[in-house]
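Listed after this line are the structures, all set down as structure tokens.
Below are two complexes that have subunit A in common, paired first with subunit B and then with subunit C.
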Partner chain A sequence: MTLMQKFLGAAAAIALSAGASLAEPALIFDLGGKFDKSFNEAAFNGAKRWAEETGGKFLEIELQSEAQREQALRRFAEAGANPVITTGFAFATPVEAVAPDYPDTKFVNIDGWMPEVPPNVQLIGFQEHQGSYLVGMLAAMASKSGTVGFIGGMDIPLIRHFGCGYAQGVKAVNPDMKIVANMTGTTPAAWNDPVKGSELTKAQISQGADVIYAAAGGTGVGVLQTAADEDILSIGVDSNQNYLHPGKVLTSMLKRVDVAVYNSMMAGADLETGGFTTLGLAEEGVGWAYDEYNAPLITDEMKAAVDDARAKIISGELEVVSYYANDSCPAYDF
Partner chain B sequence: MDKMPQWADIVLIPLISLILAAVLSALVILAIGENPVAAFKLMVEGALMRSAGWGYTLYYATNFMFTGLAVAVAFHARMFNIGGEGQAMLGGLGVALVALYIPWPHWSLAILGATAGAALFGAAWAYIPALLQAKRGSHIVITTIMFNFIAAGLLNYVLVNVLRPKGSMDPASANFPDATKLPTFRDMFSTADNIMFRGAPANVTFFLAIAACVLVWYLIWRTRLGYEIRAFGFSESAARYAGISPVRITVIAMLISGALAGLMSVNTTMGESERLVMNSTEGAGFIGIAVALMGRSHPFGVFLAAILFGFLYQGGAELALWTNIPRELIVVIQALVILFTGALDNMVRMPLEKLFLALRRRNV
Partner chain C sequence: MDFLTIIQVLDSTVRLATPLLLACLAGLYSERAGIFDIGLEGKMLAAAFFSAAVAYATGSVWLGLLAGIASSLVLSIIHGLASITFRGNQLISGVAINFLAAGITVLVAQDWFQQGGRTPSLPREARFNPIDLPLSETVADVPILGPIYSELISGHSILVYIAVLAVPLTWWVLYRTRFGLRLRAVGENPAAVDTAGVSVIGLRYAAVMICGVLCGIAGAYLATALQAGFVKDMTAGRGFIALAALIFAKWRPWYALWSTLLFGFLQAIALRYQNIELGNFVIPVQFMDVLPYILTVVILAGFVGRAIPPRAGGEPYVKER
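Moving on, here comes the complex of A and B:
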């Protein structure tokens, strides 16, 4: 075998492996990072489940800077990754800009919004207010002090949307219930500030709250920790966080980002694009977590009430008002 | 004379520092079970072997040139401006205000306006620490770094409460009007059947940065003001004796430095994102310190060092895309280069100086 042949062989091998990588899906995490125990981690778990079940491989990147958003989208699209899945609303603008350049690649954005969706883009949103309504009911039923808390991450309409559903759930159980709500901050740093989360938790406890719902990404880790230390109940978000402090986390509002990622990867290149997918209670896109860690906290009565409300929301008998409808909330003034 | 020959000072020391940093980085990559040779190849291929890769490398390099020059000018007056980050943030605000509220007919006029806005805001942000240093002796290192935090807080407030379009979730300004869109390298160098620099953010601001390099060289070595700045930097008492006002030179040098740092945001804000985003500076103000140190505060050295750091940034992004090296370790690799070329400069310099001295003695 001459040296030339070796080179040719190596080149062929590279070409083959490049061809094999064509159908690999790609997943781009937002700046919060892969292991935030919440939103991004849910996306990662969905991808991991897909990889384990199909034996496939996926490309992934955790961003370091803003300029990398477009770069990562383009590089993955050029490498033949399909579909390219992005997490977080901040990706909506770059995806909208890049997608027309790669008509054969399908892009998915979770949580984003665009005025007009390009034909090769699919947006996936969640009816967070419905899931939050259910955990709000649980919070009101579990509270003994008559005051419950809500700690949001960054103060954006999306998080008010969470808080609004929660407040409606609380008021549905007991209209006299007091709700205290705080936002961690006004910048993306608010998604990953567990220390501030902990301080806000203490402040809300001093105002009488004995159940606190954290819709704050990585900041929620601090909320759950402090709530457990101070012996009150907390509610997790996005992923099932009940296991973090068994017996202290009342439940978690599940936002099945993992299902969205898993389904998109399963569909692969055949993914349907060009519109919005909204996942609510009916599609099991949102819900509340019930497992061995929080079973002792949930009485049969509570479970029955929540299951009943869930069925009513699905059937349309009960409507949870969305904060987006007119940028205000009927149950709480943010 | 116990000095090294100039070529050793300019070429040999940075080269040895780089090799040391590369060896340590290779060990780090080995330790996490990846192949350092493959990683290096990936970086070179991704950053230098494709035109789009160059587009990113030069985009980052443009940022580092401005902030490197900013630090270099302050160095010549023996001041350590580590507030480049804050000055660039405020520069971004200047660019955004100019781009959003003045109806520009053409980009060529808009870039002039944006340059003025960025320089003005950057310089204004450096003015207060400069005055505190000159009049009150408050140390410039402390005040400039504190001003970084104030700048971040101020920008945060303005973006969230003033510039953010209604209904938007992102803490960012509205998109700039189309007339202010700067031509990218793709617009400039592509032909109809050969698209170059596809999707890369490098834009016409790169040439602004080169012009800034030339102007700074002219200022420092060919003008009276530059002479005064250097004289003040070499010896304050001698400068004072020669009739140079320390207050005046401190303030002027810092104003120029702040203006240069502010100019960086023309590239990031007008050239890349075309709107003002929260963290558009992304540490370039601090990288500028390493760039200036490595470039020996000479504009040409700054130019070369900026391209090297641009390569490291773009190469790092390629590593993140195609390998399982976690982003924290990519930052470690970038930090090792900064550590060796900037902070540990003397570690290489002193033994080398002794070596040259010994060689010379033997020759004599």
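Moving on, here comes the complex of A and C:
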């Protein structure tokens, strides 16, 4: 009973604070959960940075089920939150449906895609294939066995997009490299199954992989853990995960969701909407993590090669093919 | 597919089947005594969290295991109270336990560790590590049998061996002891047991408690042996697959071993090969994932023998009307 009272109290507190001050930004986390050490946590870190710098407050909710998407959007829009920021591709459809009902509220969706963007919606995408290309190069250079692995979360085009960039980076270093790729599953549960992540890692190790890139949300925790246990290297994703297993995580493919959230909150109600923003290497939207935890693993030679490739991609000299371009990958057949 | 690959897939099978086997045996005790239990998932989840949390806090994985079993027992007692003492609907009580466990684990984890509903990673000393059976190094070079012994049989955590030993033990308890006979009778015809002067309530509570202990071991295995810590919803439906395995096994201990090994094998195959090509016909990985459920439906439909559940299952025992 006291627990119930706490819940009711918390709900009431949220409702009150929502009504009290207008135009606070709102952030809706996707099913992976706010502390997934990855994508959603990056969004939270961006919001936290904004709150610390401006002293402002933001509303937030962590979704528990698919059914809550539209409900959460309407709640925040009606509470006067502006802008309402959503993380994850799965929000595109609900945002598209809800946005026309609240023309004065601005919506932001990270990772989503819609055929026609309503005037009060801004979509933010990342050139994940470019960042993945760079970590793919690092993986190929760090591998001694000639085989590298890729473990995706849910099997969706976005994750293939990650894998495709990675495969191209690997092949760019050595066209004879073998790539083993697995997807964890085909339902959202695939983002939160570390046990399966561990088994996939073991299966890939037994196929010879000695560097494994996990683009799998919470499932990646199991991948990184098993890789560290079995003494091979892993590559983290979205947030910088190098610190999780110092000396065992080769690098992390950074997707600066925090920057996207921070910038959107900074712009506040003046946010430009009605189109797509794409953040790539040039905009520092993606990149690879280099810090004290993985410095011993990265030789000067590797760093030079990756920096060179980065400059070439930015200048347009080198083009990383996007999986979205024609739903297929030149370097790996998913 | 070479010999080593087969060994590796079977090795993976053992790891994946162990939590299923423990949960399946847990369900077997409970259902044989006439108490349906769809709360296996929730009990495993609670045990996974508390075993990881206590193992982290104390540095002792054995204390963690005890805490996991204790938390699972608490949920068992709730299930027992609701469905035995208060004669409530056993399915609803089970569903409630699943929801309770899913919520309470994340809530408590956030309160204790502030890491977003997970426990910190366990150090190596606070986990069940693989144990090498005697002579596994020396016989590893023997052809065929060497790898089977050193790779497949040796090198699992102690909980795996406990799970396997639980199968003959369960068979012995159910079919060779007085307690087992009464337990089975209580699931078939509680009135007859009552007439014989044996407490139906006591027996059913005993069964539900044994179920709690086994679920506790299963959860601890997930969080402290397979993984190094708890992550929200980490059981990922394994409690339900265990229930399917229980039906597939027709509520018998040895069959439970084979059915969970089969389901574990299907998962291991699905993990190892994304799509299986047979000539020009491709079996998608999704098919492998649903196969346990399809097989269960086939069994229930009566195509391969008949699966007859305990007759008094799901019904609270009422002495006087």
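Criterion: the second predicted complex is superposed on the first by the 314 of 334 C-alpha atoms of A that agree within 3 Å, B and C clash if a C-alpha of one lies under 4 Å from a C-alpha of the other, contacts with A are read in each partner's own complex, and residues count from 1 in each chain.
Just so we're on the same page, a residue touches a chain if its C-beta (ideal position, glycine included) is under 8 Å from a C-beta of that chain, and two chains touch if they have at least 3 such contacts.
Computed from a predicted model, the values in this text were never measured in an experiment.
J.: Touching A:T186, do we find subunit B (first), subunit C (second), both, or neither?
T.: Both partners.
J.: So, A:T299: does it touch subunit B (first), subunit C (second), both, or neither?
T.: neither
J.: With both complexes superposed on chain A, which partner does A:L158 reach: first (subunit B), second (subunit C), both or neither?
T.: Only subunit B is touched by A:L158; subunit C is not.
J.: Which partner does A:A67 contact after superposing on A: first (subunit B), second (subunit C), both, neither?
T.: first
J.: A:S328 contacts which: subunit B (first), subunit C (second), both, neither?
T.: Touch partners of A:S328: none, neither subunit B nor subunit C.
J.: After lining up the shared chain so the two structures overlap, which partner does A:R75 touch, if you call subunit B first and subunit C second: first, second, both or neither?
T.: Once the two structures are laid over each other on A, A:R75 reaches subunit B alone.
J.: Touch test for A:L59: subunit B only (first), subunit C only (second), both, or neither?
T.: first
J.: Could you tell me if A:A90 is touching subunit B, subunit C, both of them or neither one (first, second, both, neither)?
T.: After superposition on chain A, A:A90 lies in contact with subunit B alone.
J.: Starting from the residues of subunit A touching subunit B, keep only those that also touch subunit C in the other complex, and list them.
T.: Of subunit A, residues 186 contact subunit B in one complex and subunit C in the other.
J.: Okay, in this complex, where on subunit A does subunit C touch?
T.: Subunit A residues touching subunit C: 33-37, 41, 181-183, 185-186, 189, 192-196, 198-200, 202-203, 206, 218, 221-222, 225, 229, 244.
J.: Tell me, which parts of subunit C touch subunit A in their complex?
T.: So the residues of subunit C touching subunit A come out as 4-5, 8, 12, 15-16, 115-118, 121, 222, 226-229, 231-234, 236-237, 267-268, 271-272, 274, 285-286, 289.
J.: Would you tell me which residues of subunit A are touching subunit B in their complex?
T.: On the subunit A side, the touching residues are 59, 61-68, 70-72, 74-76, 89-90, 93, 98, 101, 154, 156-158, 186-188, 327.
J.: Looking at the complex, which residues from subunit B come into contact with subunit A?
T.: Touch residues, subunit B against subunit A: 52, 56, 59-60, 156, 160, 167, 169-171, 198-199, 201, 268, 272-273, 277-280, 282, 316-318, 320-322, 326-327, 330-331.
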